[in-house]
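Common to both upcoming complexes is subunit A, partnered first by subunit B, then by subunit C.
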Partner chain A sequence: MEQRQSAVHSLIELLETIADNKYVLGDRLVEVGVSGPNLEATLASIAMAQGELGHARLLYNWCFDLRGLKGKKPEIYGQTGKALESAVNVHNWITLIAALYATNTAIDAVLQSALDANHPAIVSRIQKLIREQQDHLVYAKHWAQQLAHERGAVPHRFREALNAAANEAAAWLKEVESKEELQQEGYLPNGVKLVERLQQELKTVAAEPFVQLK
Partner chain B sequence: MDKRNTETEKYWQALKEVMDPEFPISVVDMGLIYHIEKVDDELHVTMTYTAVSCACMEWIEQDIRDRLLKEKGVRDVHIHVVWDPPWTVDRISPEGREKLKYWGVSST
Partner chain C sequence: MTAAQRRKTFDIFARVKRGDQLAHIGTVEAENEELAKVYATYTYDEEDWAEMVVVDRSELVWVRKPKWLFA
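Take a look at the complex of A and B:
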């Protein structure tokens, strides 16, 4: 019983961390994305902002249910303080793409692993979200590749931003991997390799090693 | 899903009058309604949305409630939103596809 409670507590923390990141990214996709490099990028950014905020809402509401609370779901006025710094500190297009790509890739690693674990209560809640998230990942990845191969100072600045965001995301994933109760309760597969999943994906941004995880 | 029987058929028909706010297609033809069950004088509607970020959720749910409460013998309506199976365009009815086509919207 105690182990189950501990697992639910960790699950809430995990979901809330994902929700916080999506909430912040949704906000940044509007604030920074509105002045994107071209009209298509801007329109897509605003559309994805709605998607990210919707995902955040779904996850916050799920946490509400997991806490055993009843009644009308509360309005959401801000994150709970668990968002990654690289997402919070997005201030231009380069840091936006770096945070969007690294953070959502890390989130995807967690959610895809949860799908692999096949816990019915989890799968039924995340199927749709994961499908929608794939579009955001394709967008972020293509922009990441474009910025990595730009001319002038952009590739260097992007590499710095992506490395910072990726390392922060990897540290978070390492922490999630270490929570044995999530695996024992079947929320994540036993011996889940989240950092490895992140690393594999980040390798595809450029031919040479562009991201180095510490 | 889509379990319709003689007892609940009239509610499915009633919901054909509830339109999606973005297109003149009912929530039934959009494939948003998965199941309707009547327990005593209460209806339980299991439904989904086209996207997790649908901005019209509360609006649609209120429209569904308002319409079903007009039915005789219905005292309360409970809406359960689910995301599994995920909605895809395959859920749009042939009638819905025709309407989308008329409005120049692809449903493939």
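Take a look at the complex of A and C:
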């Protein structure tokens, strides 16, 4: 019983971390994305912001349910403080794409692994979210590839931003991997390799090892 | 060549319901097909399209092509 409660507690923490990141990214996609490099990228950025904020609300409400909260759900006025620093500190297009790509790839690694674990209480809640998130990942990945192959100082600055964001995301994934109760309760598969999943995906940005995880 | 210089025009065709006409609904400019698909999805989201395709304009095969009036 105690182990089950500990697993639910860890699950709430995991979901809130994902929700916080999506909440912050949704905010930055509007703040920074509105002055994107071209009209199409800007329009997509604003539309994706709505998607990220919608996902955040869904996950926060799920956390309220897990805590046993009945009745009307409270309004959400801010993140709970678990968002990654690289997402919070987004201030221009380069840092936005780096944070969006690294964070959403890490989140996707967690959610896809949860889908593999096939826990009935989880699968029905995340299937639609994962599907909707794929367009965000395609957008972030292609913009990451463009910035990595741009001219002038952009590739260097982007490499720095992506390295910082990816390392922070990897540290978070490592922490999630180490929570055995999530695997014992069947929320994640046994021996889940989240960091490896992130590394594999990041390799596709450039042929050379563009990102070095510590 | 930078990515911005590689931007191409993609025409977008969509069908609201099965059996409807496939209509030209607009264009997007994008660096590649994958981004064109994402841009089309988010830019033309006023309908729940049954079908939507993006076509690189340079890949269109013309049967009749008018001379543009002010070209």
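Points worth noting:
Keep in mind that, in the parts below, the second predicted complex is superposed on the first by the 214 of 214 C-alpha atoms of A that agree within 3 Å, B and C clash if a C-alpha of one lies under 4 Å from a C-alpha of the other, contacts with A are read in each partner's own complex, and residues count from 1 in each chain.
What we mean here is this: contacts are C-beta pairs under 8 Å (C-beta built on N, C-alpha and C of every residue); 3 or more make two chains touch, one makes a residue touch a chain.
Fair warning: this is a prediction, and the values are worked out from it, not measured in the lab.
By the touch criterion stated above, A:Y139 is placed in contact with subunit C alone, subunit B being left untouched. Looking at the shared chain after the overlay, A:H149 reaches subunit C, while subunit B stays out of its contact range. In the superposition on chain A, A:Q127 makes contact with subunit B only, while subunit C stays out of contact range. Of the two partner chains, neither subunit B nor subunit C is touched by A:E160. Of the two partner chains, subunit C is the only one that A:A44 touches; subunit B does not reach it. In the overlay built on the shared chain, the residue A:L58 is in contact with subunit B alone; subunit C does not reach it.
When the shared chain is aligned, no partner comes close enough to touch A:E175: not subunit B, not subunit C. Touched by subunit B in one complex and by subunit C in the other is not one residue of subunit A.
Put simply, subunit B touches subunit A in their complex at residues 48, 51-55, 82-87. Against subunit B, the residues of subunit A that register as touching in their complex are 50-55, 57-58, 123-129, 131-132.
Of all residues in subunit C, those touching subunit A in their complex are 2-4, 7, 28-32, 34-35, 37-39, 41-43, 45.
Subunit A meets subunit C in the complex at residues 37-41, 43-44, 47-48, 135, 138-139, 142-143, 146, 149-151.
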